[in-house]
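Per-chain residue numbering starts at 1, and chain names A, B, C and D are given in the order in which the chains are listed.
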Amino acid sequence: MITSTTLVYLIALPLAGSAILLLAGRRSDKWGHLLATALSASSFFVGLYQLSLMLGRSNSERPITQKLFEWISVGSFKIDASLMLDQLSICFVLLITGVGTLIHIYSISYMSHDPDRRRFFAFLNLFIAAMLLLVLGDSYLNLYVGWEGVGLASYLLIGFWNQKPAYATASKKAFVMNRIGDMGLSFAIMIAFATMGTVSFSGVKEAVDHTSTAALTGIGLMLLVAATGKSAQFPLQAWLGDAMAGPTPVSALIHAATMVTAGVYLITRSNFIFDAAPTAQLLVVIIGAITLMFGALIGTAKDDIKKALAASTMSQIGYMILGAGLGPVGYAFAIMHLLTHGFFKAGMFLGAGSVMHGMNDEVNMRKYGALRKFMPITFATFGLGYLAILGVPPFAGFYSKDMIIETAFNSGGAKGIILGCVTLLGAGITAFYMTRVMILTFTGKSRWDDEAHPHESPWLMWLPMAILAIGSVTSGYLLSHGDALVNWLSPLFEHHGEHEELLSPMVVSGLALAMVAIGVAIAFVKYSRNEVASVAPTDVSIFTTIARQDLLQDRFNEAVFMQPGQALTAVLVKTDEAVIDGAVRGVGRVALGSGSALRGVQTGFVRSYAALILLGAVALVAAIWVVTQ
Amino acid sequence: MNAANYLYLSALLFTIGAVGVVVRRNAIVVFMCIELMLNAANLSFVTFSRINGDLNGQVIAFFTMVVAACEVVVGLAIIVTIYRSRRSASIDDASLLKR
Amino acid sequence: MNWLTLLMALPLLGSVVVAGLPKGNEKLVKQVALASTLIVMGATIAMAVSFQRDNVELQFVEKYSWIPSFGINYALGVDGLALVLILMSTILAPVVVLAGWNESHGGRWSVKVFYILILVLETMMIGVFAATDVFLFYVIFEAMLIPVYFLIGGYGTGERSAAAVKFLIYSLFGGLLMLASIIALYVMSGAQGGHTFDLAALSQLQMSSMTQNLLFLGFFIAFAIKAPLWPLHTWLPDAADSATPGTSVLLLGVLDKVGTFGMIRYCLTLFPEASKTFTPMILVLALISIIYGAILAIGQRDLKRLIAFTSISHFGFITLGIFAMTSQGYSGAALYMFNHGFSTAALFLVGGWMISRRGSSTISDFGGLQRITPVMAWMFFLAGMSSLALPGMSSFVSEFLVLVGTFTRYPVHAIIATFGIVLAALYILIPVQKALHGPTTPGNENLSDLNLREKIAIAPVIAIIVVLGFYPAPLLNVINPAATHVIAQLGFSDPVPTSGGK
Amino acid sequence: MTFNAPVLNYTLLSPILILLGGALLGVLVEAFVSKAMRAVTQLSLTVGTLVLSLAQVWRIHNEQSMSAAMGSVIIDGPGVLLQASILIISIISVFLIADTDHFTALAAALPGSEEERHSLESGNQVTEVYPLTLFAISGMMLFPIASDLITLFVALEMLSLPLYLMAGLSRRRRLASQEAALKYFLLGAFSSAFFLFGMAYLYGYSASVTYAGIRESIVGGSGNDVLLLIGMAFLTIGLLFKVGAVPFHAWSPDVYQGAPTPITGFMAAATKVAAFGAMLRIYYTVFANAQWSWSPLLSLIAIVTMLFGSLVAISQRDVKRMLAYSSIAHAGFLLAGVIALNKAGLEASIFYLFAYGVATVGAFAVVTLVRDSSGEVTDLNRWKGLGKRSPWVAISFAGFLLAFAGIPLTSGFIGKFSIFSAAYESGAKGLVIAGVLSSAIAAFFYIRVIVLMFFTDPSQDGTSVQLPSILTRATLIISMAVTVVLGVYPAPLLNLISHFSTFIR
């Protein structure tokens, strides 16, 4: 593999920004955000430069590495701090730095009134660096560093306004649930090392052939656990909704476009394992399908615009995971959907942020309405994103999502039919809830309070939105034109024979569009025709009630994990005090007690002392008598 | 007469003395019991001297008597002091120090 | 050059100088104490530089006859593990002195006595790791208790004397069991070619497996109390609760390491067969410590007790790594000892500053510190991240090595231990949320942020944590040869990857 | 029948003879020297005698003789070491005794009587304690080198009788002091009766009163075992009484508490050396071949003694009683050295005796200093905060306690280690376990006292620490120095002991 000396700058630039801003403290308040943005942008340009170099090389020579230093080396456990850039990671690098830079720009304005804006930008830069490390690491352990690094950044940013207890709790919840996923990644690394003796991507890839399926399945399942944690997939999805506590640019960057898609990256990166472990692969698909529906259903009932979008994110990542679980044919489409989703979802989140910016940080869509007139640019960019997520041709989602639906149908047998139907249904529900969001926010009558003075956001905010909107429109076409992305990525994946076609692309597109149309129509009927209550009605169906409570995910976690855990903690704290320390104190008390009791021998009377001596003598004589008999 | 009988007598005297120390209260009587024990030992010495055909035992008996006399000197001094201070020679009265 | 004796003599010399200083000039006392510890640190670093890292033999060896009639020598020497621990101790000492600049004021005795005790303790900390004569080790092992006892009982807070007594009795009890084992070893050495306490010679003794098991237990229980391992841990929370932060740092950071160090240096070396026999049970105890310590930490309301329980969990990891008998486990455990010293130091020092400012150690009395005292809050947060072994922090490297090393031989144990990392997230983030986040609660509005002295004290600790997180090689290179050596001596080799692939 | 004039080697006997001469001179001084000069004269005479005796011991330290007094005494290495130990301990004890404030001005006067008050006010202090001390010391010197039963018995009485009297000489709490004397006397005499009776049976068994004769009979094994066993048992009772082993210990707490503190210190330290010295010689030479019969019983007694002493000490409230129980526990440890019955055990015992004796005198020296207006304060609760008021005194007391507890870097640790390892070497593993266990218990109460002194706030009840006189200070410094030096660098003394530690027989 070609070695490079410049890869490290991708990470070093934003990392330096983060360090400078944090260490310089208030001194950098004035220029910190500019520096951070500039560093993020320069990282993006380094990425573009690497892309241009990569384009100039032949397929097999495209991956490049850079070894920085020997990180850990104990016995046969040798991990270098080493970076690798290949066709897959360059996609992520550009997405992360590109969207990241746009969001930096957006935040300059969005956060301008916050006294801690500098800290915000420091965290953003930290996130960019960690996320780049995640996608550039050449081994699972290096990836793990980035993996937990983004978790840290996410924690810091969700809790950016942690003076509100609920926000602080949300950030803690995100971190802890992510840690459960991280545990899966730890297990995967341990199994890999124990069975293969290596944890680098290239090493593991080579070792797959002579590794037992059981071990591979184990690794695969554990990687899946990791992915569910980071990508908010079932059953570790509960943190994502709460994570909307963070400032909206964070939601856009971390909890929509990049970090939450790390699970997809992990599975795609580990394609050689999943390809060799069908059971694990099947479970990936199942998790994807469940989450896809789970998120979509939650999305239909949410009144909080960010939480609705978060549910949508969860659902869309479900698509990606499902795609990645479909094997070699699906990886590229999963990545494609990931990229297009990065554009349109980030765009919509920024749009939501823009709306909130104009509405005194109100997030309840029932307090919106008719904003189209006041925020035309926001409406336009959000609308383009909306069309993209729906999969309306020729917008981006059309290409990527239809590919996944089509691949699902064509994955063969009953599995194919079930998956196909689920993805189709998901598309319909997506259309429903996204239309609901559009209608509630931008059309109809205004329902906001008198204090609200909706206005369009400044150019620093709408410019990134506009750029992302352009991406939402064009990225799908660009990536799929001439199978550009598929071909680009193909050297990374094993290729099996052509798959049989159950349904032709045309049919799938038709079905998908039909479902979308139905979803849009229902939403239109339900929300555009009728008056929307500015306070959420309570006399709703049981389904809505449950969906509003995120399908009871928190109640479930509370009842099954938290309450027993807290009870166990309380019991153990008492046990430690009463039983273990009690035993120790008991020994002391026994000694003291027997000492006091034995003091009784000392009566103070000479005669009893003499008796004691006599007794001793008699005992000795008796003992002698016994011995000599 | 069998010399062993003297040994039995000596053991008996020793036991009487020892029991006397434990059961009697008057310091003088207790002390006399101790003297009885010493003399029981002396009897044994003399008997063993006879049995073993060795004079040492008899010599020791003399030593013992001298030592016993010294003990009397010291002992009576202490007992008398106590009696003067307490107006009582009962050893059970002297039990300030205990536990 | 007698490096080790020099290192031991320097703090002692410092304590003599401190003792000779005029009364009343507390500042001068502190300055002299700080200077002494800094000189020791410098000397240690100078020594470490000349350490030959590929040489598995003991280095800087010194040996003088001490009590010839018992075959006792004043024998010193270090391998990679001991070197690393001495380094840790001597770096922590000036940090503690600087960080706890004012913590000697509330004591029963003068400031001078405090620093004399600290300096004497430093001598013993160096000696206990450097001793290669079992008798010498035992002497220092026990004698160390006395200065700590007075540091806790004389300068602590709350139920300080009860805590000090509990600490001392617990430790003495363990020490006496060890003494019984040492006596047995001594007597056996006499029967097998001459009385000696030389570690290398004693490890060659022939003994029945029953004897070996019993003697192993004598040593192990002493070390398990020190380390502390469940269920012999109940002295630690009390002691940490009562001691000053600086004392706690030395107690948990350095003294407790003698327990895990002893397991490696003495239990494994002297009783290889018994170590293997007891490994299953010890691994279970280690696992219980990991999980139990973490859960108890989650359940604590008091900041200092919480930190103490996190340490119990961490010591579980160290013990797990030691008895996994793989090079990764061993090196991980050794590195863990070093890292734990610093992460606990950071937690205790910053926690101590928080507590002394607020006048309370109850977590719920704090609130919203991040807005009031951002630097202090950040330092606490970083210390917490180190404690939960976030990648990029030094503790991650060691914790992961322990887990990987354990997994290759005992996969189930490793899996259970890994749950500890989730609990770690809870026990750190709960106090972080309660104390640093949320609205500023009454009583916290006027707390002052760290001053320059405190910043200077904490900076090297954080720097070491972060730098070693990314570049642990300097330490690993020193530890690895010793690790391989010890594992090989025990007749173990790392499990081969089952797939045979590379 | 012809009489052979006894041949005595006066050089070898001179240490004892000097002491006796000094004691007799002391009696004369008491009678003839004016009361103003009396105390000084007595003190210098006593110290001079002791030093002279010590010098004489030094002169004969390389001698070995079975026939110094017609086979009644043995001069050999262990004997010389024990004699030297007794003398050194005695000298530092005499420094404490020199503080006449502890002793009644007129022992014959009734407590609280006009006569007593008068003699106090007139400064008409009798100083009979000095000759008594010298007599006791000469008995102690003789006890471990005796080599026949008669000499042993005489030596026992010589050391005991003066001590009975000395126990009753306290100036304050005289009733308690007299009670202590009475108890000590009655029980002491009672135990001597057992001792004597045991002697008679041993004589009956072997037809000999010399150690050598008895040993030969035991080796020959032809005699009546019942006689031997009862003889050994009763003789041992007398010795165990002197060392304070359970169940023959009961006198010691009461006597330790009641006696004047300097006497308690002297008695606790020196008597123990003498009694254990005799015991070591008897068990190592005379009874060695009957080990099968006494070893299990003595081990049992040792274990019970260690545990009993340690356990009861925990709940004591009086510092002197606590030290008494601690000394009982130490008697148990020392018995382990007797039971070991090997060279290491002998060496360890001698080292332990010296180290423990010196530390004991030091500890009691501290006790003499803590006073209020009515004399010494021995209630531990009133020792609170001593470390605050007089740090040096408290630190030295803590040092002695740590030595008793056997903490490394004190002489007590080396002693404990050597004695346990000797016991272990002889196969007495149970003893070692019990020793370790009771050490742990014992640590508990030593530490409790340290807590009281250092970690508790002083009470305002007039308890104060008397400024030590020069002599007391010397005692404190010497005993502290010995305790620390023997803890840190015991090699010279251990070498010395090792070189000399062989009983000749």
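Note that in this section a contact is a pair of C-beta atoms (placed from the backbone, for glycine too) under 8 Å apart; a residue touches a chain by one contact, two chains touch by 3 or more.
For reference, the UniProt names are A, B, C, D = Unannotated protein.
Note that the coordinates shown come from a computational prediction; the quantities given were computed from them, not determined experimentally.
Each of C-D and A-C has its own count of C-beta contacts, and the greater count is at A-C.
Chain C has the C-alpha centroid lying closest to the overall centroid of all protein C-alpha atoms shown. Distance from the subunit B centre to the subunit C centre is 65 Å, each centre being the mean of its Cα atoms. Averaged C-alpha coordinates put the centre of subunit C at 44 Å from the centre of subunit D.
Centre-to-centre separation of subunit A and subunit C, using mean CA positions: 37 Å. Here the CA centre of subunit A is 96 Å from the CA centre of subunit B.
Looking at subunit A, one finds that residues 588, 599, 602, 604, 606, 610, 617 touch two or more other chains. Of all residues in subunit C, those touching 2 or more other chains are 169, listed in ascending order.
Shared interface positions of subunit B, i.e. residues touching 2 or more other chains, are given as 18, 21, 30, 91, 94-98. Touching chain pairs in this entry, ordered by label, are A-B, A-C, A-D, B-D, C-D.
Considering their complex, residues 7, 10, 14, 17-18, 21, 27, 30-31, 34, 37-38, 40-42, 44-45, 47-49, 51-54, 56-57, 59-60, 63-64, 67, 70-71, 74-75, 77-79, 81-82, 84-86, 91, 94-98 of subunit B touch subunit D. Subunit D makes touch with subunit C in their complex at residues 347, 387-388, 391, 402, 405, 407-409, 413-414, 417-418, 420-421, 424-425, 429, 432-433, 436-437, 439-440, 443-444, 447-448, 451, 454-456, 489-491, 494-495, 498.
Residues of subunit A touching subunit D in their complex: 588, 591-592, 594-596, 598-599, 601-602, 604, 606, 608-610, 612-613, 615-617, 620-621, 623-624, 627-628.
Within the complex, the subunit D residues that touch subunit B are 107-108, 110-111, 149-150, 153-154, 157, 161, 164-165, 168, 174-176, 178-183, 185-186, 189-190, 192-194, 196-197, 199-201, 203-204, 207-209, 253-255, 257-258. Those residues of subunit C lying in contact with subunit A across their complex are 169-170, 231, 233-234, 292, 295-296, 298-300, 326-328, 331-332, 368, 370-371, 378, 385, 390-392, 396-397, 400-401, 403-405, 407-408, 411, 414-415, 418-419, 421-422, 425-426, 429-430, 432-433, 436-440, 470-473, 476, 480, 483-484, 494-502.
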